[in-house]
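In what comes next, subunit A is part of two complexes: it sits with subunit B in the first one and with subunit C in the second one.
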Partner chain A sequence: MNYRAGTVPLLAIIAVAIAAYAVLFASSYDLRVLTVSGIYVILVLGYQFIFGHAGALSLAQGAFFGMGAYVTGILGSQLGWQFTATFPLSILVPALLAATIALPVLRLESHYFALATLALDQGLLLIAINWEAVTGGANGLPGVPGIVIFDFAVPRGLALLAFVWALAAGAAALAWWVMHGLYGLSFTVMRETPLAAGALGIDRAALRFVAFVLSAAYGGAAGALFVHTIRVISPEVLGFAIMVTVLTMTVAGGRTQIVGAIIGAVLLIHLPEWFRGLEQYYLVAVGVALLLVILFAPDGAAAYLGRRTVKSQNNPQPNITPPDLCPARTSGLKITGLVKNYGGVRALAGVDLNVAPGEIVGLIGPNGSGKTTLANLLTGLDRPDSGCIILRDKDITGLPAHRIARLGIGRTFQTPQLAPSLHLVDAVAAAHAGDGDVDLATARADARAILAGLGLTTRADQLCRNQPHGVRRSVDLAAALARRPSVIVLDEPAAGLTQDEATTLAAVLRTYAANGAAVLVIDHDMTFLLPLAQRLVCLDAGHVIAQGVPDEVVGEPAVIAAYFGAAVTTP
Partner chain B sequence: MPTPSSLLALIGVACGAFALTNAASAQSKPVTIPVLVPLTGFLSLEGTSQRNGADLALREVADDSVRYDVSDTATSPEVAVNALERAMTGDNVVAVVAPMLGTQMLALVPLADEFKVPLVTVSGTAKITELGSPNVYRFFPGDVVVKQAHARYAVEELGIKKPAVVFQTTAYGQSGRVELTRNLQALGSPPVIEEAIDVSVKDMLPVLSKVRAAGADALLLHLHAGSTALVIKQARAAGINLPIIAGSAMHQPQTAALLEPSELAGVCAESGSSPISGGNPKIDDFAKRYRAAFDSEPDAFALGQYDAVRMILAAVNAGARTPDAIRQALANNSHDGLAMRYRSDGKGNMAHDAVIICYDGAGRTPNIVKRYENVTGAR
Partner chain C sequence: MFAAQLALNALALGAAYALVAIGFVLVLNATTAVNFGHGDTVVAGGFLAVALATLMPGELAVPGLVLLPAILALMALFGALMSWLVYLPIRDRPPVTTFITTIAFGIIIANGVNALFGGAPRSAPTLIGGGGFSAGELFLSRQSVAIVGVSAVLIAGLALLLNRTQLGRQLRACAQDPEMAQAVGIHLTRMTVITFALAAALAGAAGLLLANQFFVTPSDGGVLMLKAYIAVTIGGWGSLRGAVAGALLIAAFEVAVASQISQPVAEGLLYVTLFIVLFFRPQGLFGEPVGQRA
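Let's look at the complex of A and B:
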């Protein structure tokens, strides 16, 4: 959660406005609706972790909400337990449930994940309805007590409102604390460019796990507060309507901003109340209002307001000395007998390849020869069927991408993988997200220095989505270099670059290799690759058909027949 | 110069005049009776009937001494509680027409106790009058009444020995199932099978197959309107021609409209009343006015809610202008309504009669075939 300058004043304005309204103008009904809004703020903040930050469409938030509600409802109404005991349990139980089911559920992606989480919700709903002895069945259980803390009963009205919103503020502060630094950046990278996340050492599974458990904990807290205000627990708290409501709040308000959670919750709770006088037609009015919000603020109301309140950030650019980039450790790469099949297609048929520290190896071959497959196997984006990849005497074959990245292999992609919503400096700084001992300020300082070395000082605070292709390639490289990998694999880095950009790129790579890195460059541009590479390897149909000094390789008949079709003139 | 005694007398007169003015003002000040009913969601059909019944009664007030507005409570307790909170911000609220959905009522009762305002409803959920609240008044026979009539008619009149009970997985369904099963057991004909159906289920054949396999000799339904119609239609299509004795949803004209008359042959249902069945001039007149006002057929929920509001209005006309006075009237008076005579059993259960209606297979208007009066002996 990387807040722009307008966010904090906006939060302050909202807080003052709500407080003034509550104290000066609100009736008991208004206070109640505002109280419920505060509860939904907590629920939406939780949902933002998994849906907003992690980018996973979970349909279990209603289930966690309902579970928290049932824990408080049953313990409060049947056993007479007080808030001080039931509230922590209402947070803990859904969090434990989420942690338990995370292993099978979080392995799923997109709609499979959504369906699995929906199944959880429906399963709990069935239990709530049919386990009548414990849950009260469809009737539910009346008699849930109000909030009592050490014999002090929080009365309805202003006191309850203040209590709920204080908890909402605490929940918001915790969300900010979790998401405000490099950790938050890693979520953005994971959500917007999952391929790049692994290559930058970001452990997607761990992030998704944390987000899922946090969403459950927040959901449980909201459910507990909700049942204290309703005073009855019934299966409606597990109904899909709750899930739809929280999803709508998150989309309408904003998927990742705290302000968005507040706006979404307050808006969605109040809209039906404002139109309630229309009797059965109020749903039409609510629908039209929501449609307008989505039309005019497709990224959520918070993003819309943010665009209007935030002035352009033209930070003065300090004089930055580009660093002399050196790999963290020097190590070569040794590949033996690497095989990869996709069904009946053999992409790699036993490739042997070494890249020594300080060496730049060019990898060429016709389309479909297996170059990108080799890069993907080296960097953990895919698993080989057989063969061995050795880095610093350690077999890294088949390890997950983030672990390979942390062991020292970096890469760039054919299509630069940059999170569109990040500024250039943060897209590069995110490369340090997997390093637990680096803070955001340090990472940003390093990122600025690397960008300066690539001639991008003035663009550092611009958004990635607004950059031309050449800049995006340079930032992709900068992010890879920020990890100081021992081995760097570049997939067509010169494609689409101008002559000047390609020259700069070649210079950077030469320097990095000279400092001890092993560099593997895949490219079709011989004017770029031949002067750069010290050794050339040619792949065809998954086999290495030639390797050696570039001038000799390009002259080999097999290479000419398979790739060039005619003799190549060395520039 | 006025003497002290004359000054005191003057102050006394002024105070007396002020008190009288206030009293007169209280008498002339309009009372408000908010109508909070489910107009959307799976209970919209029943909720609309409830709204119409209350609305018809309130329209009959000739002057502006009674105000009301209608709010949709949908189907969640949260919306209902919000609606009550909002309604209570109105001027001089003396009673509230409350939703018939049991879970909403369970959430509203503690709030009504805090506001000290009586709720009148046609909810059948047994638990709402078992909470010890002095503010709940039910003008539709509860499960304790109608399920006894339901079971007795099946066993005593039709000679059913092996009934199958199919109920809804809602508060209404589970609450009624408990009473129905208890009465069947007490009558010596325990269910041979009990099956629950979610309101979203459209394919009833699996349940009907189980019923057939269990060897049931009658189908006792306790379902909402949509599910009731689906079970009957699919049972008849599957050749299951067992007697069907349904819950009160079947008495609704809108439910019967979903079925062909031939499918309704052999179908009976329990209810608090059946305003379209005819035979009572006052109820016939009510039905006529209802049709003119809403262009639809009245049902027992509408009539029950109509009677409830008429009882409140009678109390208002008799001088009850505060929630407490209305509560006293509801708790202690009896009221000869169109459907039946209402009197509280001390817990807020006002309705103690039930009827059994049956369709003859030639039309969609049922006949009242059996009346069970003062079933619990509480009146």
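Let's look at the complex of A and C:
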């Protein structure tokens, strides 16, 4: 990512420093400690996928590590299998386990996910201790062979160190390759604004699955290397201590940065070496370190290193021509008999609504009349109890949000959903993440052009978290438009906008509709809506109570009654 | 008769688990965050009992019941300290931050205890002495009866505190709607600290109750926390009554399976059950009110 370009020289410096230390100064004991650090780098890189990129607190990273360790330990010590056979298996088995338990576990949120993964770890520990015939029980198994590749035995010391760190470098390169483009961007959006992810066609479940399986594969690889280094296998590899150590390394180093994984792992493994007096209090010190870091520097060390390298990136290209935004395909929207209940509350009681290509329909109604519910059902954030939604002759009722988005419905939110840590250009570029055939540079160029059309050229390289409300709304709209949806649903787009901003917005929507899109605007602001909408639909208590030409609808007794109360109704 | 014996064992174990689960729910309701260090707090209580018993002069065997008030008081202080360290500074951050701070606190407790006492299982004194009463063929262990009695008194005391006192009303108000509670002048921070203190005191008592019959090991925290969590998931997220019911259910399951097969199998099946429950009911058995507004 070009916003982090500064880390490449940093990585080179770290590599040279470690190599120089290893070759020139390190004793054989130091080399061993450094080797273990390299193993933990791989483990942490894996954990960054699920905890850092996907943002899910998994407590199973130690379990995957232990599993990889046991596969190599058992096959190597009992059956005499070699590295070339055991290493791939040590990666594959945890990855398969992760893929299997992903079905019940990955749907879970927050603490449910954390505790289910903790239960996995405890369950494996139970098996390791009690299945003595295979695992050697609490004492484990001795005699795990060293690394032998086609009759070449990697000797301990410098050679093993180099081998482990070469694998760590490979693991880092793979992690970079997976995360460097639009794909990595979609993780940021999914993690920071799950709602927006669906609306932009990003498949959250698929991303979480990939991250979980990758974390398991990395964990297994690290576990295998670990038993090759210490040459015995025991239940300690499944202990919670390893999990907490990895968590601490990731939080302290940085949750998503490769350089963070290296800093965290090397620091924490060397902590007891530098503080010899700690001895049995080492894990207490790890706990204290974790607590201090999360309280005072929750973004980890890498964030401080990255900060200085960001600056010189602000060079927006002048004179960008805004694109003539056209929907990818034109298509109308047809809703019939839509019903949604929340407990005993009937939010929508059989709503029929059509929006034709090229048409701007305004949806009005008092608070609680079901407008946002309708938008949520249309875009797949919620499933209707009955009724159907037809888009271009296809029934899309009840499809997940990302599928609906990919079929061509875009939306903006009542509260703009923007990933705070992204630059404006990337927040909009992420809209192309679900497409697969667009690269990051193309997506960014398109994003800059769309932002330019909304008058945001100068802000394109600023962070979303620092933007005023009107800008946030525009960026939310830009991201929706970047997908060229054939139908666009806007939830109170003019709320909180200045007069100028509202005028720009109306002009953009008019052009977009004229190019063939079906536009549904939910709003209260009649000065905005009346001149914009060709047709007005009024909802009250889940029913459509009026629709037609805007000026006539707002004059209808039922509409006035809905807004001002029944007493105003003319006899 | 064997079945009745098992039932009493299960009731004793369940009573202790109930105290653990109640503490877990109290903090959960007050902070909407899971306390991952709760199991380690129970361990701390158990080892506090071990330590206090050895501090007593000479060979004077002190019944555990005498230690209970001291354990409740010291663990309440411990809980208050915990809230200052792991929750109050980060309460405005995402819940996952609390998970991590409580994990960190748990690992400090577990390994601190391990460094001080060693990793071997230890046992605290019985509550009111060993032995038991025989009624026909039925043998009632004095310790089991005492565990059930002490738990019942503590739970009843908590129920009285929450339902019949002004402090209890304030605590419940903060758990249900912190903003509204603050608006009517309740000191939210104070209530949070008190909740952590109550939860830790109950956890400490559970540690004392468990530490004789079932021993206590520094590394027990994770398993205890998982059991409290499973109890709460079964009993209904956030419900105190449900937590007690869930704890009794888990203990019954554990004692029954352990008597027929083995303890590891009982524990393993418990985790499998958790996965099955989560598979069919990802929001827990009785659901958690989840609302999201775009």
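Annotations for the structure displayed:
What we mean here is this: the second predicted complex is superposed on the first by the 535 of 571 C-alpha atoms of A that agree within 3 Å, B and C clash if a C-alpha of one lies under 4 Å from a C-alpha of the other, contacts with A are read in each partner's own complex, and residues count from 1 in each chain.
Keep in mind that, in the parts below, a contact is a pair of C-beta atoms (placed from the backbone, for glycine too) under 8 Å apart; a residue touches a chain by one contact, two chains touch by 3 or more.
Note that the structure is predicted; figures quoted are calculated from it, not measured.
In the overlay built on the shared chain, the residue A:S28 is in contact with subunit B alone; subunit C does not reach it.
Contacts of A:I129 after superposition on the shared chain: both subunit B and subunit C are touched.
Touching more residues of subunit A than its counterpart among subunit B and subunit C is C. Within the superposed three-chain model, A:T458 lies out of touch with both subunit B and subunit C [touch as defined at top].
Once the two complexes are overlaid on the shared chain, A:E273 sits against subunit B while remaining clear of subunit C.
Once the two complexes are laid over each other on the shared chain, residue contacts for A:P298 go to subunit C alone; subunit B is not touched. When the two structures are aligned on the shared chain, A:T100 is found in touch with neither subunit B nor subunit C.
By the touch criterion stated above, A:S386 is placed in contact with neither subunit B nor subunit C.
Of the two partner chains placed by the overlay, subunit B and subunit C both lie in contact with A:L283.
In the superposition on the C-alpha atoms of chain A, the part of subunit A touched by subunit B in one complex and by subunit C in the other spans residues 129-130, 239, 241, 280, 282-283.
On the subunit A side of its complex with subunit B, the touching residues are 27-29, 32-33, 36, 129-130, 132, 137-140, 142-143, 156, 226, 229-232, 234-236, 239, 241, 272-273, 276-277, 279-280, 282-283. Across the complex, subunit C meets subunit A through its residues 33-34, 36, 85-86, 89-90, 93, 95-97, 99-101, 103-108, 110-112, 114-115, 219, 222-223, 226, 229, 262, 264, 267-268, 271-272, 274-276, 278-279, 282-284, 292-294. Per the touch definition, subunit B reaches subunit A in the complex via residues 39-40, 44, 48, 69-72, 75-79, 81-83, 85-86, 88-89, 102-103, 106-107, 109-111, 114, 125, 127, 131, 169-175, 196. Against subunit C, in their complex, subunit A makes its touches with residues 55, 57, 101, 103-105, 107-108, 110-112, 114-116, 118-120, 122-123, 126-127, 129-130, 195, 239-241, 244, 247-248, 251, 280-284, 286-288, 290-291, 294-295, 298, 372, 375-376, 381, 413-415, 417, 491.
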